[in-house]
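Think of it as A, B and C in the order they're written, each chain with its own count starting at 1.
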């Protein structure tokens, strides 16, 4: 290449400009341009379970959905509200235990335990995290690291709720199709709902809080209340995942507070691109099968997530999705200076 | 009396664990979530040098300290410097590095029985309470480390410039203090302090990976309670938490200790979020 | 331009100490409806701290602040803003990732606006553009659609003011809205503020640009080392010996 001075010039594709502000889309080209990526995503996710070769891979798809949900929730909270949650396992654990305890004590079916765990767990987690919400900075990250680790210690020490054994023989889903489509449907709903939310007025307020919370306060808005709502949304999604997993395995235990549920979603988010919401899904689609393939090497896979995460932060901070979007919307060429 | 002496020992332990994190955060405003990992890494490094390679014990300790300082500096130079100012990435990066180190160690050193020898064998009786000499070393080590840091930040040029950055980064920049250099040094010192804490404390127990997470929790708890970035606060909070922990363990039961820690954090955040001894920062930190 | 008899904002012996330094010491003032009060003083004399105390961003050690007879001390900032006392910030940090006009959606989401508009605000984007026009953005230009972080200083100051006005407040506190602006820019800002007064708003202005301030202000309060050293009509205040000393230093003889 030499030291010849040149720079990359990026231009929006004509079709992007045409479809951006214009609501009366005319030609098939424009419609395809807009609809194709969304359609590919939706259909792709819905068809995927059908083409899976075995039950085993369908189960992998289930855990992929779980991690995708967790990653999307992490992305929402980190990029749009500015709260970095390093302990997503808190949410899965709380959700799983609520649904597990309900199921083992009252024998309710998953159709009831999961919604109860989602809302109740979201509420409990929000209350647990409430003390650090009026504060700015690293407090939220610190407290979220501490909770899952501390709860595991406490449950082990007190030996309640099955102690280290966990609670087993819980009600499970009727068949694999319910399992797969429940989680994938949820991924799609959450993805599009959050996408919508962050561009609504409500989302603008959250982004305002991230950029400058003082100004939001001076505008007469209760920042802590808004943050609590955002945390509730994230926590409820996480609790849904936990409850879902407990119903999937028919078991809930301390490993639902494990580090995987905190780290993999973060890795998936950073890999896919912070702030894109679709990116985390893409990241989860890549990392989960990868970790299944690597199951044989045990704990090393957490190391691998972390290394992937670090290298993306250092070398490709924009993430995959931003890169793909750029390629889709713009063409670029080198220009001599 | 027993409670007092054990509380003192535990307080020094906590202070040693937390002081590195607090120091690095105070200067660079970077939370080093790899702190617990560095602590355990230093323990294993010392063990490898002393047991596997058969080096002199003192020499292995010295090498570990230097090694960890280098790792801390490298972490800033190669990773954190690229994400400086992006709060989300800063937090994620150091935490990911910490987890990577800890989990890699978990795979490498399987099983238990890794421990480093104590500095001085035997026990002595203080006011009728038997206490092993290593715990006395911990208390003494705590005092010495704190004294050294105090002297370093008050009497040396470098220390004073670090303190300047900690107080007002922009003003310090204008006076020609290189903030990147200062942050590198701060993280190097912070990591070396983690290593120092490890080599002093670890002979009492055995080196396990889970200890790394515990140390991180303890350090973070101490720093929140004492006020993030406040060095005196860190030390005082360490002793408060140390005594509280010992009291709970003696009178209520060991298993309640982590409950006490979590409760203490929540209580402090609710009542006095800048920490018990934090400086006036209401406007900055409280939204 | 009529100043009502009613005292709208009242501070009584407000004090705040930061690490042994008395940032604000026993300051009191009365502000009548529709009045513009200027607060002046050398750097570090406690002007901004006083504002922080009034708007609840910092809690006073002692003293009380009242708004229309209701005590503000101890209320959180968003409650105070909700009552109708809003402020601009000296250091402007707009919501950087949003276009300028979208910045104003945030205050429009506040309970105060929702109450006053009865939930029927119409097209929010148009309301935002109208607000920006009110503080001197050109209506048809590209500027309101630019990303806020790329706006020049003059527009940032206006945006900051517009953010306050979106709440339709009763008291506006401007922290150095003129500083850093060119004479031409200030000349276009002055009518904006005059119009606000005409609409019946009560305004406090912290300012270093004395000449422009004196054109606007009905009365001026001078702070030095956290203490109020003078208050009154601009010309009288500047004759005051203590004020001259604070600004120019002791005259050498």
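Keep this in mind: a residue touches a chain if its C-beta (ideal position, glycine included) is under 8 Å from a C-beta of that chain, and two chains touch if they have at least 3 such contacts.
Just so you know, these numbers come straight off a predicted model, no measurement behind them.
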item: Any chain in contact with chain B as well as chain C; value: A
item: Chain whose average C-alpha position is farthest from chain A's own; value: C
item: Between A-B and A-C, the pair joined by more C-beta contacts; value: A-B
item: Chain closest to the assembly centre - both centres taken as Cα means; value: A
item: Chain B-chain C separation of Cα centroids, rounded to whole Å; value: 45
item: Intercentroid distance (Cα basis), chain C paired with chain A, Å; value: 42
item: Rounded Å distance, chain A centre to chain B centre (Cα mean); value: 32
item: Numbers and ranges of chain B residues touching at least 2 other chains; value: none
item: Sequence positions of chain A contacting 2 or more other chains; value: 214, 217, 223
item: Contacts with two or more other chains, residues of chain C listed in rising order; value: 57
item: Residues of chain A touching chain C in the complex; value: 201-202, 204-205, 207-208, 211-212, 214-223
item: Chain A to chain B touching residues, read off their complex; value: 78-79, 82, 84, 86, 131-132, 134-139, 141-143, 145-147, 149-150, 153-154, 157-158, 209, 213-214, 217, 223-224, 259, 263, 266-267, 270, 274, 298-300, 302-303, 305-307, 309-310, 313-314, 317
item: In the complex, chain B residues that touch chain A; value: 31, 33, 78-79, 82-83, 86-89, 91-93, 95-97, 99-100, 103-104, 106-107, 213-214, 216-217, 220-221, 224, 228, 254-256, 258-259, 261-262, 265-266, 269-270, 273, 284-287
item: List of chain C residues in touch with chain A within their complex; value: 55, 57, 76-79, 81-82, 86-87, 89, 93-98, 102-103, 105-113, 124, 160, 163-164, 166-167
